[in-house]
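Alright, structures below, take your time with them.
You will see two complexes here that share chain A, one where it goes with chain B and one where it goes with chain C.
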Partner chain A sequence: MHSDRAPLGLKLAAAFGLAFMHLPILLIFVYAFTTEDKSYQWPPPGFTLKWFAVTWERPDVWEAMQLSLKVASISTVIALVLGTLCAAAVSRTRFFGREVISLLVILPIALPGIITGISLRSAFNLADIPFSFWTIVLGHATFCVVVVYNNAVARFRRVSGSLIEASMDLGANSFQTFRYIILPNISTALLAGGMLAFALSFDEVIVTTFTAGQQQTLPIWMLEELVRPRERPVTNVVAMVVVLVTFLPILGAYYLTRGTDTVAGQGK
Partner chain B sequence: MTSAIGFSGVSRHYGDVKAVDNLNLDIAEGEFFAMLGPSGSGKTTSLRLIAGFERPTAGEIRIFGQVAQGIPPYKRNVNTVFQDYALFPHLNVRDNVAYGLMIAGTPKRQRQKSADEALGMVALGGYGDRKPSELSGGQRQRVALARALVNKPKALLLDEPLGALDLKLREQMQEELKTLQRSLGITFIFVTHDQGEALSMADRVAVFNNGQIVQIGAPEDIYYRPKTPFVADFVGSSNVLPPEFMNGLVGKSSYGAVRPEAVRLAEQGQSALVRSVSFLGAATRVTMDIGNVPMTMLMPKGAAVPKAGETVTVDWAAEDLHVMAPA
Partner chain C sequence: MSSSVDTQARGFLTSLSDTLWRKPGLLVFLLILPPALWLGIIYLGSLFALLAQSFFSIDEFTGIIQYELTFKTYAELFRPSNFDIIIRTVVMSAAVTIAAAIIGFPVAYYAARYARGKWKALFYLGVMMPLWSSYLVKVYSWKLILAKEGILNWLFETLHLGWLLNAYLSIPIIGGNSLSVSATGTFLVFLYVWLPFMILPVQAALERVPQSMLEASGDLGAHPAQTFRHVLLPLALPGVIAGSIFTFSLTLGDYIIPQIVGSSRRFIGQAVYAYQGTAGNIPLAAAFAVVPILLMAVYLWIAKRQGAFDAL
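Right, the complex of A and B next:
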């Protein structure tokens, strides 16, 4: 007999899976309010909001936060430009080696971050480029491009080629066609891709450890804080902020790309 | 008669594929011109060459006397109605129609007024605020037409514009297009693979095959006096008679053609073996073999119909036998 209700076992398994994934994160949140600052003690001996004030006063947190925001923003912008251009080339024209290029663009996200990191580090060394803000940005851009590219290429495929021809036919040059026809049709995909890229960059650790000099992005700062036990709950407060900053764009990207499965410009 | 579009020696080759091969063509201003042919015959490529989406690999195209070489699509004074309509999905119907005017820099008020007028012309007044996705196929087709015509092009290019419509709508649109062309007096260049459509609408028809024009002329010419067996067969499925058969018939070694409706049962004539009989509604189609020459006969309603396997005698009036020039 079929019924729409899931069997009890399945429900339990699903509940367990969700709990397994999300309880540890809740734990992090709880520790942001604990009164004990030397070790993570369960249950917390007491609750306080003072760590938020302490965090607010810490200049190193602000520095790391600013750096992370700057890196994520600039990597995202670079990724938006390069990813869109690349997607346009791959989906609009046919040329020798098109599939290979498509694969090569996607590769950085499949490659373990540590390999990307090591190779970038040795490349920067070889080229005598000092590690700086910009080397971090370059490192992040390698995988941010992929996210934008993937989103854009899917949407480009769904914008029928005759739309562009129709626009040209009606007197619009390439720039006007891009501005009035292509951009409105791919904008949500770009926004979604950009948000994902931002979130990816904001919490990136591995590539950053290899491409950063003395600078500390927020995730790197957190890693360092874990080793040095001093005002531990500050790390948890920062963790909460990171979760919010990365979760909101991903949620946004999800809503933007939902329900856009119909082909834009398909006449029939 | 001024020339609207002129092709001289135009070719478009893709590697070894000759999509359009050494085409010569002259379309007069104000003419309703049809390009007819099976798919892959080069008719759509020819249209795209006029629009500027393709570049000729050889030859010269003139648009109203001006050499088209190097002029991008957006600077050509022609507009296209696309096969899939290509309406902009993010714009409403009015903004779709006003797009060309917007690009040309017409003030908003004025272009919206023009767009609404154009929509009225195609009987879609009041649909301006809808999105293309909310329209039926026939309505989208009209929007595409209005969007092209609102720019007052000197020539309108139509790429199988009725292909996606059902039969009834298609017949209705054929009439409307014809009326529209008469009243506007613009050159219409119409690509289709449907011979009925080409014959009923166009002033002149060019029949394409393998990238070349096989015959060009008035619909009656094409229909009654096909130049080659291909035209005879493609345009209205004439019975093509091979030279050997014609030799015995008229003593001349060239292809001949007889229209199915001209073939009739007779006392004297050719003896034929009936292969199959199919009822078509208004007529009955009888396919048979005269020796090894296949022959189709269309019998009007009410006539006594032979049965498959029977041997009958068929004939046709001498003037219904079209003798082609020797190949």
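Right, the complex of A and C next:
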């Protein structure tokens, strides 16, 4: 009786679940064009492109965007180095404390963000470190390591040991083997992990509220607008742009790791 | 001349790599050192600094932190006003987790059992996109939906069901002036934001159930509903528990969603934020932050016994 066709009830329930996850985001796209600027009126009284021009002229939006891009880039580079090293060590051998290390990597993302945030803040206070661009990066890099690690560790397991031994037998030293054998094999996984780390950092708000001083990243700017709205249409436009900007790395990471046993991004 | 320098450099690299090859322990040590130092010092160091602060207390008159070991701050957690916050947060987390399991299961089930080829990819991206899109944008979209002049109220009015919504909002605790300042609103946003975290592990668990097992159950005379109840559900349970780890933990610690959509009744995250910020009561904030850590430790211990980690 168990055929390949799904029962109607299941189809409807699955469709409902997917619709519930996607309709709210699509709504953002409609609101970015609305002529109404005082309230969230539905249906929109009219449509205009005016707010895109207004947003383009806003220096605070540009500054926040630049800071977010800078923080995300540097955090991604740090996370790439640390995550790859960690994955290489954990996947190569069984050593004392291996479980502890993999737990340590996952912990910053397994515990609620507010705990990571408040811990870092109280540590900065105790150590008398002033809040700056670098305190934001410090926090972001810490929780970005896990996404790179997850992607890299899955790929390292599939790089066969005999390839490495063959390279050594042919006279290459460890560094040459890394450069010509290991790196090409893991590069797409690293690229995917890096993209996801970038998206994660670009979007992060909870830890950032604790580790940023006066600087505003784009999410902090948005949070400010959500709590105390000043110009709603500008927020609508920025929200739409943010959705589009984060879509690209996710799609990229998906296509880079498609067909492998673990696809990127499963454990955010 | 230059060639001899070159061979010297290469000679050094070769001998270094030979040493590393002969002593794999040294190689692992060198690989693990930078990440271990980073996470150990920056992350664990901060975490312990926080935990240590929860054993200090604050002088009620001067507002100065007293650096003496005491459990006074933990006792404060059990004052009715603080304990209410903890209960409210745990109830909300449990409600969000259960609702996410109910809504997410059919999506995961369809994706794992029936979707093939192009549809499979579509379902996958259909879960990944909401998972990875901006958290604040997702919260913002619900502010638009739940606003008094927003789409949900408009929908109820157009269907002439406005009275139903008003009747619902007049219920104490879960109701409020409008959906955007009610506990129901907070619940909906939590559910929306964390739902993909439930679907992925459930789908992974369902995909590992062999088709032949379901066929065997059918051959032995079980009705599809019986097969579902007695074969599929027990096998999918570790996945559901794995997903619930995420939904539960994420709801426990969030302080932004209830701040933007919700009533004035606070959650643990908001309490932590308020005590460490304007109130300057770091010890109490730290003690509040320990609550989710302890709850998650217990939860993870139970989950591990149920075999949830194999489904991650």
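In this text, the second predicted complex is superposed on the first by the 257 of 268 C-alpha atoms of A that agree within 3 Å, B and C clash if a C-alpha of one lies under 4 Å from a C-alpha of the other, contacts with A are read in each partner's own complex, and residues count from 1 in each chain.
Here is the rule we go by: contacts are C-beta pairs under 8 Å (C-beta built on N, C-alpha and C of every residue); 3 or more make two chains touch, one makes a residue touch a chain.
Nothing here was measured: the structure is a model prediction, and the numbers come from that model.
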Residues of chain A touched, compared between chain B and chain C (which is higher): C
Go through the superposed model and pick first if A:N173 touches only chain B, second if only chain C, both, or neither. both
Taking the superposition as given, does A:L8 touch the first partner, chain B, the second, chain C, both, or neither? neither
Output check: A:L49 vs chain B and chain C. Expected answer is one of first, second, both, neither. What do you get? neither
What is the contact status of A:S162 with respect to chain B (first) and chain C (second): first, second, both, or neither? first
According to the stated criteria, A:I181 is in contact with first (chain B), second (chain C), both, or neither; which is it? first
In the superposed arrangement, does A:F16 touch chain B (first), chain C (second), both or neither? second
Intersection of chain A interface sets (partners chain B, chain C): 168, 173, 265-268
Which residues of chain A touch chain C once you look at their complex with the stated criterion? 1-2, 4-6, 10-11, 13-14, 16-18, 20-22, 24-25, 27-28, 31, 39-43, 81-83, 85-86, 88-89, 92-93, 95, 101, 104-105, 107-108, 110-116, 118-123, 126, 138, 141-142, 145, 168, 173-175, 196, 199, 203, 205-206, 219, 222-223, 226-227, 235, 239, 242-243, 246-247, 250-251, 254, 263, 265-268
For the complex, give me every residue of chain B touching chain A. 51-53, 72-75, 79-80, 82-90, 99-100, 102-104, 132-133, 137, 140, 144, 147-148, 151, 164
Inside the complex, what are the residues of chain C that reach chain A? 13-14, 16-18, 20-21, 24-25, 27-28, 31-32, 34-36, 38-40, 42-47, 49-50, 53, 103-104, 106-107, 109-111, 113-114, 123-145, 147, 149-151, 154, 192, 195-197, 199-200, 204, 214-215, 218, 224, 227, 249-250, 252-256, 259-260, 269, 272-273, 276, 282, 285-286, 289, 292-293, 296, 312
Can you check the complex and tell me which residues of chain A touch chain B? 160, 162-163, 165-173, 176, 180-181, 184-185, 262, 264-268
